[in-house]
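Next, two complexes with subunit A in common: one pairs it with subunit B, the other with subunit C.
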Partner chain A sequence: MPLRNAHPSVRAGGAGRTDEALPPPAERRSPRPVRGSRTERLAPYVLIAPTALIILALRLYPLLLGVNFSFTGDGERNGTAVGVDNYRELFGDPLFRTALGNVGLLVLLLPVAVAIPGLLATFIYLRVPGHRLYRSVYFFPAVLSPVIVGAIFNLLLAFDGPLNAALSRAGVSPVDWLGDPDVAMFAVVGVHVWATFGMALVVFLAGFATLDSALLDAARVDGASLLRVIWHVIIPRLTRTIQFVFVTTMIGMLTSMFGLLYVMTSGGPEGSTYLPEYYIWIQQGQMNRPALASAASTVLFVIMLVVGLLQITLLQRAGRDD
Partner chain B sequence: MSRVRPGPWLAALPMSLLALATLYPLLFTANVAMKTRRDYVLDRFALVDTLRGQNLETAWTSVGMGRYFVNSLIVVTSSVLLLLLLGSMAGFALSRLRFRGSSLLYLTFLAGLFVPFQVIMVPLARIMADAALIDTYPGLVLVYVAQFLPFTVFLLTSYYRTIPQEVIDAARIDGNSVYGVYRRIMLPLGRPALLSVGILNALFCWNDVLMSLVMMPSADHRTLMVGVTSLRGQYSDDIPTFASGVLIAALPVLVVYLFLQRQIADGVAAGSTKG
Partner chain C sequence: MRRRSLWSAVLVAGLTVAGCGSATGSDQSSGGSTDKLVVWDWKSGEPSAASYIEKAKAGFAKKHPHVTVEFVAQPFDQYYTLLGAAIQSGKGPDVMLFNGGGQIRDRVDALVPLDEYLTEDKQRLAGWEAFTKDGKTYAGPVTLQGHPIYYNKALYEKAGLDPATPATTWDEFLADCGAIAKAGADCIALGNKEGAGIQFWLSALGSGILTAQEYDDWIAGKRDWTSPHVKQVFELWKQAGDQGLNNDGANSTAMFNDSFALFQSSKAAHVIGLMSDVGHWKDFNEFVTPDKLGVMGAPVVTAGTTPSLAYDGGIGYGVAKWTKEPKVAADLVRSLTSTEALTAFYADAGAIAADTTIDVSQGGPAAAAIVAGIKTGKPALHVALSSKTLDLMGRLSQQLLSGSTTVDEVVKQLAASDKAA
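Right, the complex of A and B next:
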């Protein structure tokens, strides 16, 4: 291959018209279409083709296919157009409505899920005694699979498990964490936060690394309280990071709790811990209703699109502030 | 002294309690895994005084965790190697080569980032079934690659942008083709990023359960995480064996974490600052 390229002088001469001082062989600086042999010109396409093919065929095309599916029927009506029947059925299904309600609950809990790692990151940044250790300990559950985390918490949250044992020692009556429809969803979200806050913590710390420490020192010299430092120095300087954590935490809640739900509650008790992703899986894999599942997928995608667009708007606003 | 000082000290107590709460669940599980069934029923909290490997052995052989472990190893290794190869090729082209359609492709890949598996699960399963790739290793590998390729391309593209153009120009003058530059410059210089992205991808693939559940229906092909989910039904009355299975699935990740913590955290941080 290098042999084909053994005429750099010719190419340099060609490029020399635009730039006489340097003889750059690089296509990058040339405003004209790339010169050189055919193989060389095709090289970028050869390098990028497999990736483009895979992403188009196995990511974007299925998305269109899925939206299309959602307007066709299941079972006997397989393949025929049924209009919005699937969506009508979907929103009439109490399980799916529970799933949407739980999404609402996640949105409400989102600030807590962001504030916890944010506060911890602040303390670590301010060099609490032992901050290095905390950082690596807190991050560690984030590398465990939700399935493993779920299995472990099945043991811990069992009615006769360690948590209830500890509570009873403190004089609190035991709670049926995973068996009580009013409690189970909170228990699962709590475990999800336990398992993922380290991820957000690391993102926050990366944001802190860009902070000008002179500002903090100045605030300290002025005798500002910690709350004031957080409110007036840290939050305004870290808006981008905070927004990023908000969005990734939300997306994480919408798309990476399947393992926990599958292992800890299987959507129960009484369907109280359904989320859209779990609903999709049940309809596709267990109920053999792929078209209905596709409709649920489309709804989930719209929810995520709203989250994503919100991020872009917020980021642009923050960009203007800068 | 300034008033900021006492805050951190006051925070140290709740923070160490939280650290304990972070570690305790796994320690509890490891302790249970060493118990006999009888010990567990009598007192599940008491610390074991000897390290019994009996349950781990049972989980590895008769429960089939060993088989699942090998399945996971095959799928994860192939996926990560393929991801790094394709991701670095695309990342090099997007960051350092100028060609028609490059920004359109970049945007297309960006769109790929925002399509979670749950949204395309149904049609993707159908496509895979039509291609006779369902319940095969290559099928699951392809699904993993498609899932994590957008993210991989992004991190590698932004890393390759930090390699000075002069280095590439010099290599071109020395007579390297585009492919030569990729092989002799981009791959070696990109090693830190490849390592970081590779570890993250390995974790993602190793930890996945949903894709594997959908794409590998037969028990023979189960990956380790799907194996863990099947433990629950089979061993609900034998908690120590259950805990052993969980421990087997968690151990490789713990080992990786102990040694490569830095790279994992750096990868996550890089994803956040460049995303």
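Right, the complex of A and C next:
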């Protein structure tokens, strides 16, 4: 064990026997030069400097530039300060308000997006017939890119597509899944959930692995129904897993819907499926309004900051409970 | 204490730098060099444009043998985003491809006026207007882009209509649509998912609805949104939707290329298509043979109007402000718009080239009809609108089809948006 011998101090507190081999603490500290203590004091700063500088130069500085840029004008007013004009325009734009409203809708739909993988993971854990097959089948969509998923569902959900054909055979009148403003957002979110729940399912299954099966057996012996088992045993024991899935699903919904929206609806119909990201992209790329897009980015950043802080609090609290 | 003051100094310095004007910077330093020209476009990567690019390169090499030209094909859906970033940084390609109209006019700050370099081409090429702002020309037109109404002669025959005499008035057109519906096909293939359907509608039918005076005023920027004829454009759009002239689910049908596919597969008898790039006569010929493909004028809605083909310069190459030698870059633009190069582009890609001297007699009746319409053609109505108004019009047109708004409300909102632009 040459390594361990080279750093005896690491093990110092561990075993009483090794204490004899070491000089007393005071003696150990005294021969160290004063310079060394300063080096030691500076060492952490030096060590985090690369990370800190990278964050500062490549994250925070551009962020400041972007925020600053959002207070300048577009087009003819390029480079001149315009105060909060961009923000006023932004909140006066019904399209941006729709986009913000859709963020709220996503938050409201979050429980559904978490419940689906949770429920399916429960079934797999309870070994319903064919659970091995389902485990891989459920995960499969998670490996597809949003563009491919979007293209597949564009075909399936087309007005003259197979889903509507099946509905009409069942005597239900066809639904314009991606052309009806009241339906389109739900259709896209549904597809997003379908495409991403595999990952959450895996996390749930990992959570189940830590579940004490004796508790389940005890509940069964007591004659508890499936619903009661889920409510009184599984959910309380998986609180941390559920919270974690909530946080990651939220992040996924707020940050990675762009590809699907782009392919499936292009923000339409009637602008009903706009999200802030898509709005930013349209303003910057199509409308040539980079400063307005900056303002929208700043608003999105603030929203994400608030959501992020809430999530950190949530996770910390969950950690403390444990 | 010292550390804290150091940090505040860093912060203050950062804020000061950030506070100095915009993040775009005013330094438009050169991105190009004199012995190499970089061209950005979204065409050069396509096989059908290969011989066009080759011919243009060869033509340029004769004039400037020591200058190398590099074509960088960008994906079209990212093109203006990438270009915007290049313009913001003041560095980028020397020569770049633009769509005519709003896309280039919004960005002329980054371009060199080309009038002095391109005087010789003014007569030979058409479509300059779309690349002009405030009397200055910023690009040499490569193709013409416009909105002919294509029709499927085979479906006309099936519906018992004479394919040689398509409807010339709106009432005749509605009657024909009735016959076509009985034959089991939709009258109009409409893709309005992107909201582009209404733009095509406005431009293709406008010349039969607006009077000549209203049309010219519209192009000149004097747009009277309260005029009954302007309203009628949107009323007919709604009527076509309400009466089931369009294919089902138009709001969720992509124009590119689902609506064109409907037309090609003979599920719909008419489509307002394009002249160049995609959705044009050569594309359609893949399934609708040249002898079955017709091009008709706009049905007359307002008595006394003379329908005309709506077209503008489609795409054209412009020269960036930061290029070292604008003259050399302009020569490249000239090579890219030479008769030889454009003939190759027409032949391979089916684009209606900006060069009016190209012989199109081999292209079939549809291509011939389009080219014949160029002389009397007028700029497309929607091209005169800002991209913001077009975006709004797209969303409002979807609302009209779904019945969630009224024509009056649409015209009111568009007037406000147009005024602000």
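The rule is short, and it goes like this: the second predicted complex is superposed on the first by the 260 of 322 C-alpha atoms of A that agree within 3 Å, B and C clash if a C-alpha of one lies under 4 Å from a C-alpha of the other, contacts with A are read in each partner's own complex, and residues count from 1 in each chain.
Here is the rule we use: a contact is a pair of C-beta atoms (placed from the backbone, for glycine too) under 8 Å apart; a residue touches a chain by one contact, two chains touch by 3 or more.
This one's a predicted model, so the numbers in the text were calculated from it and none came from an experiment.
In the superposed pair of complexes, A:N78 makes contact with subunit C only, with no contact to subunit B.
With both structures placed on the common chain, the touch criterion links A:L309 to neither subunit B nor subunit C.
In the overlay built on the shared chain, the residue A:L167 is in contact with neither subunit B nor subunit C.
By the document's definition of touching, both partners, subunit B and subunit C, reach A:F69. In the superposition on chain A, contact is made by A:A52 with subunit B only, not with subunit C. Touch criterion met: A:T265 reaches subunit C, while subunit B stays clear of it. In the superposition on chain A, contact is made by A:G285 with both subunit B and subunit C. For subunit A, the partner with contacts to more residues, out of subunit B and subunit C, is B. Once the two complexes are overlaid on the shared chain, A:I235 sits clear of subunit B and of subunit C alike.
Subunit A residues in contact with subunit B (one complex) as well as with subunit C (other complex) are 61, 65-66, 69, 154, 281, 284-285, 290, 294. Across the complex, subunit B is touched by residues 1-2, 4-6, 8, 24-28, 30, 33-34, 39-40, 43-45, 47-48, 50-52, 54-63, 65-66, 69, 120, 123, 126-130, 133-141, 143-149, 151-156, 162, 165, 194, 198-199, 202-203, 205-207, 210, 219-226, 229, 241, 244-245, 248, 251, 254-255, 258-259, 262-263, 276-277, 280-281, 284-285, 290, 293-294, 297-298, 300-301, 304-305, 308 of subunit A. On the side of subunit A, the complex with subunit C involves touching residues 61, 64-66, 68-69, 72, 75, 78-80, 95, 154, 157-160, 174, 176-181, 184, 265-266, 268-271, 281-282, 284-288, 290-291, 294. Chain contact summary for the complex, subunit B toward subunit A: residues 2-4, 7-9, 11-12, 15-16, 18-19, 21-23, 25-26, 28-29, 32, 44-45, 86-87, 89-90, 92-94, 96-100, 102, 105, 108-109, 111-112, 114-127, 142-143, 145-146, 149-150, 153, 165, 168-169, 172-173, 175-180, 182, 203, 206-210, 213-214, 225, 228-229, 231-232, 239, 242-243, 246, 249-250, 253-254, 256-257, 261, 264-265, 268-270, 272-273, 275. Remark: subunit C residues 14-15, 18-19, 21-24, 26, 78, 80-81, 84, 88, 106-107, 109, 193-195, 248-254, 258, 387-388, 391, 394-395, 398-399, 402, 404 touch subunit A in the complex.
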